[in-house]
Every structure is written in structure tokens, then in C-alpha cells.
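Following: one structure in C-alpha cells, then a few remarks.
Chain IDs A, B, C, D, E and F follow the sequence of writing; residue 1 opens each chain.
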Amino acid sequence: MKGRTAKETLAITTKIVLPNDTNTLGNLFGGQLLAWMDVIASVSAHRHSKRVVVTASVNHVSFQQPINHASIVTLEAKVSRAFSSSMEVFVDVFVEDHVTGKRQKSNEAIYTFVAVDQNGGPIQVPELIPETDEEKMRYEGALRRKQLSLILAGKMKPSDATELKKLFFEEND
Amino acid sequence: MKGRTAKETLAITTKIVLPNDTNTLGNLFGGQLLAWMDVIASVSAHRHSKRVVVTASVNHVSFQQPINHASIVTLEAKVSRAFSSSMEVFVDVFVEDHVTGKRQKSNEAIYTFVAVDQNGGPIQVPELIPETDEEKMRYEGALRRKQLSLILAGKMKPSDATELKKLFFEEND
Amino acid sequence: MKGRTAKETLAITTKIVLPNDTNTLGNLFGGQLLAWMDVIASVSAHRHSKRVVVTASVNHVSFQQPINHASIVTLEAKVSRAFSSSMEVFVDVFVEDHVTGKRQKSNEAIYTFVAVDQNGGPIQVPELIPETDEEKMRYEGALRRKQLSLILAGKMKPSDATELKKLFFEEND
Amino acid sequence: MKGRTAKETLAITTKIVLPNDTNTLGNLFGGQLLAWMDVIASVSAHRHSKRVVVTASVNHVSFQQPINHASIVTLEAKVSRAFSSSMEVFVDVFVEDHVTGKRQKSNEAIYTFVAVDQNGGPIQVPELIPETDEEKMRYEGALRRKQLSLILAGKMKPSDATELKKLFFEEND
Amino acid sequence: MKGRTAKETLAITTKIVLPNDTNTLGNLFGGQLLAWMDVIASVSAHRHSKRVVVTASVNHVSFQQPINHASIVTLEAKVSRAFSSSMEVFVDVFVEDHVTGKRQKSNEAIYTFVAVDQNGGPIQVPELIPETDEEKMRYEGALRRKQLSLILAGKMKPSDATELKKLFFEEND
Amino acid sequence: MKGRTAKETLAITTKIVLPNDTNTLGNLFGGQLLAWMDVIASVSAHRHSKRVVVTASVNHVSFQQPINHASIVTLEAKVSRAFSSSMEVFVDVFVEDHVTGKRQKSNEAIYTFVAVDQNGGPIQVPELIPETDEEKMRYEGALRRKQLSLILAGKMKPSDATELKKLFFEEND
């Protein structure tokens, strides 16, 4: 199974924020953005695996700045790393200025998908090949995040999370 | 500002999974569930704070088992802990068996909301008082999760995450 | 077939009123509320019968006070009485005050559902056992409402509607 | 204020039943039909009153036969009678045969609307002038239904419901 | 196969413009109107052919005047001409004045549909019989529009478009 | 006002076809695609003009091949030419093969938008600078299409449509 570059998995979607997507302050609901991110991230994971993919988990989505009604919002998703049947996908969210057209990053999210066969069972996916610096950094971090998930789910002992422990020890040096 | 019990913040919603909520395998889209969870969690945070609340982050949502088309799905949200202007909310998702009526837990998610005033600025919220064992356990874990978020966001040094470090040290004993 | 208490059939859902749910006065559309009530009432009827249920009729829904955009609305549905294959369901609608959190009843509706088998044919359901005073009062009234429906549909002679006639005669005494 | 004929208040809408409108048997949800009926009935009431109208109550909607996915459904609404600020509206629902094109009546519903001014207060509407036999019959029945609603709401004594009582006495003669 | 009059193919739908249907100026989105027109035009083509119909092309939709939020919009579709398996359908869009009730034409669109069998293959449809002056004028123009479409699609030489050329030559006389 | 290249106006969106987007043959509704194209085309026109834009007309959309449920559909919109306050936008639609990932063009559409100020009045837009061969070809054709629209709307005499007439004369040589 030949590896695929991160670039090949890029999926883009642009949305306009409609009234029904907003809260009483007139800003985009977090839940609506979560749903949009899930769809475009699943397209990215599909482009990597060429399989039906299902959401396995969501991690570390943060909502720093409100996104207003009528904003033009662009979501870009790319697989950051593949593990046997699962894929970690980063989604970067940008809002563009109505006058200058400059786009500003407003959110970043990390989703994990599993590729499944017709019966819903997990199935192997190709390796992910990072190329740019950002892709490589995210690729590296993916293992640490995976260990963290396993610990939090009670499926790994903290003492076995070698990558994650470095985070604490290295800094202690 | 008087504290509020977790029980007072309970918010419940029951949904039926419609065709548009499902993927090609006929199961509920992760993104749709994320949006449903966000809405009911925001109601819980509102019941705690009596303020407009906005989603600040999502952590650790996992999707273990597929939820089928036409399933009756119940989401229960409760604030697990409050910090100055933010609230951590747990959402438990249950699916009920069509024949026996037995409900089975299918998902668990943790969202964080911030209470804001009319200008969108953060505003103080009451303390959360846990009562049951589960509420207390979640209350305890909230601080650890908060430290983890701060580290991952680069806003805290791992060496200062006293609660989180215990996770590794205790087990090493 | 063992009877089921009204309490066992309770179904709850909480909604936030979005812009698309409102009319030009900024209040919840009656039609949207009718659709929400139908869904949660069908969940209640399903919990009673453990069968696919279809709406048979709607009676006496009144809309006293407008419900504003962004309101948090809670619907509670309970079976009030069962007749061979049909179930009468009451839906109580509450709106909560944004500041005090006090909830106020804003609507009451009565729906009737029929339990059906795979071919859509009617199928027997368990008896409903009322426990509280309100449940008993609604249970009593159900027969009168059923007779009224039959008369209005031309399927019963007014002279045979013994329960309903009491309404007129008792008061004449 | 000049009266308006029932014909002038006719409002028509044709829909195609989509997957999201259907239950697990593949038939149109009652709740969806209730919402559609409310919208078209409100257009009819608006055409009569030329005012913003709000749903006041729903009475006697029955669902005799299932309506399948992909059906072409036509709703026709007409005001049946006007009382100071309220209007009773009948909605007739038809489904057309895909091969012969013959349309068959599948539902009938009665809604009541109130015309309101900018502050939501009730405002006078023109008289309704029935012309056809059916329009006249529905016009006659409207008073009886109004009395019935008032009794059920505890706002009229059964002994004062002169029109309604005839239903029982006439038949007893 | 007996012909069908244009009148027999008339399909009507009335909509209220909701917040989600509007742009930042508070007017109906063009795209939403295009979708509504497609649905009602397909009903008209179905009434003509009694077959599943699929959109083949859209031509010459113009949007002259904005349609405001909360407007009552009526769409009327009628087949203007049939060619072997395809049908040209005109959709006229009207907005009604909230006070006078006068309706004003706001848009006109021309869609083409193809009738298909269960495998999606084209299938013959009846002839269309125009009766009124407008129906006849649209019937005449349909051939010219068909030739124009074929030329633009590179499927016909301009020199063979006899009907279309008249447009230029006649005026040159 | 400095011109803008076609490339700068590129807007992309990727969608998954859901059950509610499909007809009884399980294929994407034409009307849904028309709405999607309108939104992404308006984003492109906005990126060119940095103004609120409203749909002015739709021309020549053709639907050659059905797009199935669950397809991943990508729409790419680019301004092809600007005229004082209006912009012609091309939308190319691609469907990707689930196994090979190869994307195949399935539709092409031409929309026209007008840039408007806060009162809805037309406002000048920058020139469009085509760069690639395709962009140049579409730029050239835009004037011909504009003349055709003006003739069909009765706003230009065929004899004045110099660009359009070439289509017929050149070939006659």
C-alpha cells in the first residue's frame, strides 16, 4: 500500500454564515462549526483512504474569536498522520475580511477517523507522508496525542506513553 | 454569588435520527452528534450561569459504536465544574433499544463554555457544587483537563501542571 | 401484556428557538412547535408501546403566549391513556426565564398515536396506569375526548357518547 | 370593513415528500405535515386579514392514510369563518397518483389564527362570506367548534353553548 | 400518446421567505429561489409526463427586484412545449403586497426536464397543447431556445438553426 | 480601481450528497445543485468586488450526468469577466470517483452577479484580468453572452449585437 502525501488529502470548503447558524449575539454557533469541520475532515480522510470513514474522536477544538453572521468562512482539512486503520486530521478555519479580503485563522481542530469496510469493520489505510514543516510538526505531535487519548480512555498506562512523558521530563531537565 | 448544584444544571434532549443525519452506512454522522451535543451543553451552561454562553473548546469526544438511522437518542448535559467565567460540561449520550427500551450509553463528550456579557466579554459565574460520586469524580478531573488544555495551547509550562503530573508520578510509585 | 405507568412513558426535549423558527414578530411559528411536539409525543408513545407509532390525530393545541427567538423551550410528553392500539399523549411546553431560570408553562397539546406492525397495520398496546392526580384526571378525560372525536368524525351517535353527555347533563342539574 | 369571500382567501402549496420528512416505514411524519399546514393556513388567514397572523389553536387534524416518500402533496387552505379578530381556516390535503395523476384527499385540518398589530395585540378582521355549499357548511360548523373550544378551555358553561347542545338534543328528539 | 394542455400541467406553490433564505441585505437569496423553482417546475413536468423527471438545463433566469424577508412568494409552473423526451417549463414568480394583496411578477425562469424510466434512460412524453396567447407565444419561442442551446453546446451548426436565424434576418429586412 | 486576476477570485466548496438532496432515483436534485452553485459563485463575485453581491441572472446550466447519493462534489467558481457593476461567474462542478479519487467534470454553469451598496444600488467593480487560455476564452465569450441576454430581454436590437452576429456570419463564409 503506497503512502500518500498530506497535500493529496487537502479538502476545502467555503461557507457563508446564515441566520440559523448564529446565537443571540449574532455569532456562529460552535456546534454548527463542529458539524462543518466533521464533514470536510471526513472528505480529507476519505481522500487519503479511499474508504468509507467514520468519526472516531474529536480533540482540542478551540473557539478563540467569534465569527459573525454573513462571514465567509473557509475550512481546510488535511490528514496529519495515519495509524493502521485510523487517520488524524487537522482542520484550519479562516474568516476573510469583507473589505481587504485578507483571511485570518480563527480556529484549529483535530479529528480522528477510522476507515471501515462494508460491514463497518476497521480496514488498513496507507501511510501519510508529511512534506512541509507544518505537516512534519503535526505528524510528530500525532503520536503524543494518540498516547494521551489512550491514557485518558484507560487503554494505556501512563508509564508506557514514552512520547508523551517526554513532554514533562524534557522540560524538567 | 451562590453556588449551584450539578443537578440544577441538568439539560436533557431526545432526538430521532433522520435520513439526513446518516452516512452511507446508515449511521449517525459524527458531525451531527457534535452539533446536538453543543446545543444541549450550552443549555446546561446557561442554566448554571443564567448568561449568554459561547463554546470555548471541545475535548475528548469519542465515538465508539455506530448509532443507526431511526434510533432514539437522548443527550444529558451537566456542568462538571466552574472556573471564574468558564464552565466544563459533560454530555452523556444514550441510545435506547427499540424492543426492550433499555438505554445504553454510546458517547461521552466534554465541552467548555464561557459566560459573556452583552459585548461578548467574559463574566463571572457561580461555583459548581458536585453531589454524587460521578459528579465529584468529574469535578476532580476538570482541573487536570484544564491544565492539559493550557499546556497544549502553550499557555502553561508542564512543570506547573501539578494536578496533571500526578497522573504520571503516582503510577510510577 | 403488562401495563405501564405514565411516568415510564415520559419523554423530554429541550430546544433553542432559532431565527428560522420565527415569524416577522420574532416569535416561534406555531407550525414549528407542532412539529416538535409531534416528534417528542411519538417518542413517548413508542416508549409505551415499543412499536413503530404513527400520528393518528391532533386535538386541542392552543397557543396562548408568544415564544421569543432564542428562548429555551422544554417539551414534556406522557401517554395519558391507551385504547387497544391507540395512545393519547399530552405534551406540556415550558419556556424558561433567562434570568431567574423559572420555567412557565406556555402550551398544552393532545396528540393520538397508533402502534403499527411492519405492514402498517394496527397492533395492540399495553394498558396505561396513571399514578399522580394530574395523570388520573387526564386519564379520565381521555374517554370523553375519544367519544367527541368519534362523533365529529361521524363514527358515533351523540346519544351513545355516555361520558361526553355527562358534561352537559351534570351541569344542568 | 368589507367582507371577503372564502375563494379570495384560497392559498395553495405543492410539496414533494423528501427522505427527511419520513418515518421508518417510509411515510410522511405527522409533525412535518402539521408544520406545512400551519404555514399555508397562515397565508390564507393573511390573505383574508392583510395582517400579521399568529396561530391560536389547532383542532381535529386526522391522519387516515400514510403518505409515501416522493409523493406529490398539495395543500389547499381557505378561511371558513371570521370572528372579530380570529379566523378559522380549513386545510385540505391531497396526494396525486403518479400514474393517473388523480388526486385523492388524504387529510383535513382546522386551524385558528388571530390577526395582530405591531405590538402583538389582536385586531379586527373582515367578515368571511361563504359561497359554495361546502363553504357554507364549514361556516355553520365554525360556531359550534368555537363553543366547544371555549368549554374545553373552561371559558364557557356547557349550558350556554346553544349551538353545540343542538347536536345532542336534536338527535334525541 | 394523447397530447396534454398547458393548463393541465400547472403547478403552484406558495412560500414565506424565512431568515435563512436571505442575504445580508435581508433579501431572498437567488440560490434559494432557483431551488424552489426547480422543485415546482419538476412537478409541472411530472404532471405532463407522469414520469420521473430530471432537470436537464436552466436558461435565462433573471432577478430584477429584491424579494424581502417575510414576503409571501407564489411560484407558478407550466410546461411550454414538449420535444420527444424533454419538456420546457416556464416558472413565473409573484410577490404579494402585504397591505393590498396585489401580486406583482418578480421573476421568470425557463427550465428543461427530461422524463426517464427506472434505469434513468429517456422516455417519450405526450405533446403539449398551448391554448392561451401567452402559452402559444412561449410554445413558439421554445424551438428557437432549443436551437440556441444546441449551438451553445456545440451540437448544432448556426447555419442549421433556421428558427433562430430569423431573429437576426427578419429584423434586418 | 485596479484590476484583479481570475485566479484571485477562485472560490471552492466541497459537499457530500445527503439523502435529502436526492430524487426518487437516488440522484442529486438539480435545484439543490443550483443553490450550491449560487452560493459559491457569489463568494467568487464577492472576492472580486469586495462588495455585497446579488444574483442578477443564471444562464446555460446543463445537467448531463446524474450525481449519486453520497458523492463527494466539488464546485469551483471564478469570475470570467466584469462589466461596470456586474460580473459573470463560471462554476465548474466535479465528482470524484470513490476508489480512484479521479475527479470528473459533471456540470458547468454561468451566473451573473451585481455588486451593490448599502441601499441595494449598483456600484462599480474592478476589471477582470484573464490569464490562462480557458480564462481568456471565457472572457471573450462573455460579451457575446451579454448581448444575447440583452436581446432576449428586449433591451438590445439583434442588429446591434455585433459580437453575437459573428457567430452566424463567420460560419456562413
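The working rule: a contact is a pair of C-beta atoms (placed from the backbone, for glycine too) under 8 Å apart; a residue touches a chain by one contact, two chains touch by 3 or more.
What you see is a predicted model; the values in this text were computed from it and never measured.
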item	value
Maximum centroid distance from chain D, chain identifier (CA atoms)	A
Interface copy of A-F among D-E, B-D or C-D, judged by whether over half of the contact pairs recur	D-E
Chain pair showing more contacts of the two, E-F and D-E	E-F
Where chain B and chain C are represented by their mean Cα positions, the distance between them in whole Å	32
Whole-Å gap separating chain D and chain F, where each centre is the average of the chain's CA atoms	44
Geometric centre distance via CA averages, chain E-chain B, whole Å	50
Sequence positions of chain C contacting 2 or more other chains	19-20, 23-24, 39, 42
Chains grouped in pairs wherever the two touch, ordered by label	A-B, A-C, A-E, A-F, B-C, B-D, B-F, C-D, C-E, D-E, D-F, E-F
Residues of chain D that touch chain B when the two form their complex	19-20, 22-24
Chain C to chain B touching residues, read off their complex	11-16, 39-40, 42-43, 46-47, 50, 72, 96, 98-101
Of chain B, residues touching chain A in the complex	23-25, 27, 29-32, 34-39, 42, 52, 54-63, 66, 109, 111, 116, 120, 148-149, 151-153, 157-159, 165, 167-168, 171-172
Residues of chain E that touch chain C when the two form their complex	18-20, 69-70
